[in-house]
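We just call them A, B, C, D, E and F in the order they show up, numbering each chain from 1.
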Amino acid sequence: MSDRYEKGMKVLEITNKDTIQEVFKELEDIAPDLGKFIVEFPYSEIYTREGLDLKTRELITVGALTALSNSEGQLKNHINAALNVGNSPKEIVEAIMQMSAYAGFPAAINGIKAAKEIFKKRDLLPLR
Amino acid sequence: MSDRYEKGMKVLEITNKDTIQEVFKELEDIAPDLGKFIVEFPYSEIYTREGLDLKTRELITVGALTALSNSEGQLKNHINAALNVGNSPKEIVEAIMQMSAYAGFPAAINGIKAAKEIFKKRDLLPLR
Amino acid sequence: MSDRYEKGMKVLEITNKDTIQEVFKELEDIAPDLGKFIVEFPYSEIYTREGLDLKTRELITVGALTALSNSEGQLKNHINAALNVGNSPKEIVEAIMQMSAYAGFPAAINGIKAAKEIFKKRDLLPLR
Amino acid sequence: MSDRYEKGMKVLEITNKDTIQEVFKELEDIAPDLGKFIVEFPYSEIYTREGLDLKTRELITVGALTALSNSEGQLKNHINAALNVGNSPKEIVEAIMQMSAYAGFPAAINGIKAAKEIFKKRDLLPLR
Amino acid sequence: MSDRYEKGMKVLEITNKDTIQEVFKELEDIAPDLGKFIVEFPYSEIYTREGLDLKTRELITVGALTALSNSEGQLKNHINAALNVGNSPKEIVEAIMQMSAYAGFPAAINGIKAAKEIFKKRDLLPLR
Amino acid sequence: MSDRYEKGMKVLEITNKDTIQEVFKELEDIAPDLGKFIVEFPYSEIYTREGLDLKTRELITVGALTALSNSEGQLKNHINAALNVGNSPKEIVEAIMQMSAYAGFPAAINGIKAAKEIFKKRDLLPLR
């Protein structure tokens, strides 16, 4: 294992502990290197950079994936991660709702549905 | 002018003072109501909400518009706004670079080019 | 309830009676304001405008959501709404098929599949 | 020239007379068949279909291209075409503004800017 | 049946034998002409062109649908087709993984998941 | 300089010699690490992989960027690169035209316009 891999895994242990293992499992018999790249590039080289903390980074990712609205599963993983690094459910909801102005209401509603599923699993509803 | 309009304009005076006037000017002889809606919906009802401060909201918008990569002009406006509400150039660059993992390198490079243009105008380069 | 809310709900009673209630229900314990915004912005301020009737507006929305192909559920809701405001199933199919030229065949096929599901529920198939 | 080509050109003479010649000119020394396909598929086989008239079809296309926000030039061509087949400037503006709810404000503003350019050339501004 | 239809069906017998029948079946009581257009335009007029062989064409389509990430079903159909015209599972995986750089990791991961489903059905896993 | 950087630069010397220097120049005073990531991730870790040769990889990228239609500059760079690694102008045109079926005609036309600009600079027109 490279240094970059270890560095990335340290971030993932904080942000996405469980889901990265699922991603590895999903990829192992077909494209294990893609899992490696995810650890070694975004997690090792982007999320570890100074200038923004993990809490803000994950919130930006939640906003962007809501706006792109092309990857429900990964959006849920990042909503989970956003909670894990200290965002409140309300902060996540705000980031998603804001996307209605930049990517339209359907994208925002579907983002909220994704958050609802994660919040329910983590017993965070109803939100006040 | 409605209360909502005034409320939105107060936000815009902090975030996008100059650019909203350009938007109004651009729209005035064709679709002035669209300008009004922008003031009354996102700025009055989203950006004023509790839960996230303007600094974080503008950074999320910069990330999302970089990822969507469908509106260079508006991305520049929000990079300006993000600076106006207290984001450092470095924080903006980080938000944009992070998008390489979620929307690809071309989207990230073009986001950086947009930031470069704004930073240059505001004499913020080179970045250290 | 604001005047804008009531104005928007009057439109929704014509277009999307059942589905807006489902949206409210979906959002109530997590982001009820997003439901309010949908009533107060697009339905109160866009769909009530002169210049285009509801029948044409819903058809344009069906075309656009087919082209964007990022929100299957909302596309189905608007296919329902398009029928409710007087579009024939054939008109809806034509709007969707036309999108093959602007967003590709996969987007158009998936739009037709969404229409098929709605038309079947409303006993409108086979189309002649 | 095939029957389909002639059938498509008849539509284009009504909708986009000038712009199709520019497209042909643009493509002639590199991909002339792409121009032929545009005549023979969307114009010959989609725009000639019963169920929707040209006026409605062009308005739907304007809405969809605004929402996709990936082709400024073609959006302008279709705004021109939409006027040519009997849409009023106001109808076109309404179709574009409506997209703010489904694809966000930046897409809608850029759609209006495209319309403004075409309307100005055709001396249709200010809009009342 | 037109010559173009027959020409397109000959390609589809090589690439997508089973799936085109499912598409026809899906469309038959609602929009059969859309099925006809798919045979007569892309399969008859694009996939039969000189300059690129079917193997390369299907691989490009797999890459593009992965990047667009808006049509899981059609991506799977083209992964199947890509195998049918002589691409190895590894070549398909490489085309999909490469998209991580141009459309982001979520698009690439979801492309790999689609490939996994097809490869599993065809007993092609684990990949070595 | 890391091994990965050198490995990536070797690929770039074959594919995009000139354009990577422009990218570095563009990024140097604002986000030089983004340039480094492009060398170290896609060029070092993706384009060097077995399973697909550079010629096919660049053609897939041209198709995908045409379909995404969100980055004209990068599309042109990859059209250049596709030529540099042995694709004929005709092969590139075919890859782009094919995208009309998956991302619509506007995306394909704009892809051809990008190719035309590059081919003209390299004195490759008219195409026969």
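Just so it is clear, contacts are C-beta pairs under 8 Å (C-beta built on N, C-alpha and C of every residue); 3 or more make two chains touch, one makes a residue touch a chain.
Owing to the predicted nature of the structure, the values given are computational and were not obtained by experimental measurement.
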item	value
Intersection of contact partners for chain B and chain F	A, C, D, E
Interchain contact steps from chain D to chain F (minimum; 1 if touching)	1
Chain pair repeating B-F, as identified from A-D, A-F or C-E when over half of the contact pairs by residue number coincide	C-E
CA centroid of chain C to CA centroid of chain D, Å	23
Whole-Å separation of chain centres (CA-atom averages), chain A against chain C	30
Separation of chain C from chain F, taking each centre as the mean of its C-alpha atoms, in whole Å	39
Residues of chain D engaged with two or more neighbouring chains	33, 37, 41-42, 49, 65, 67-68, 70, 93, 97, 100-106
Touching residues (chain side chain E, partner chain A) in the complex	69-70, 89, 93, 96-97, 100, 104-110, 112-113, 115-116, 119, 125-127
Residues of chain A touching chain E in the complex	23, 26-31, 33-34, 37-38, 42, 65, 68, 70-71, 73-74
Residue ranges of chain C touching chain F (in the complex, touch as defined)	67, 100-106
Residues of chain D that touch chain E when the two form their complex	33, 37, 41, 45, 49
Complex contact set, residues of chain E against chain F	41-42, 46-47, 49, 51-52, 56-57, 59-61, 63-68, 88, 90-91, 93-95, 97-103
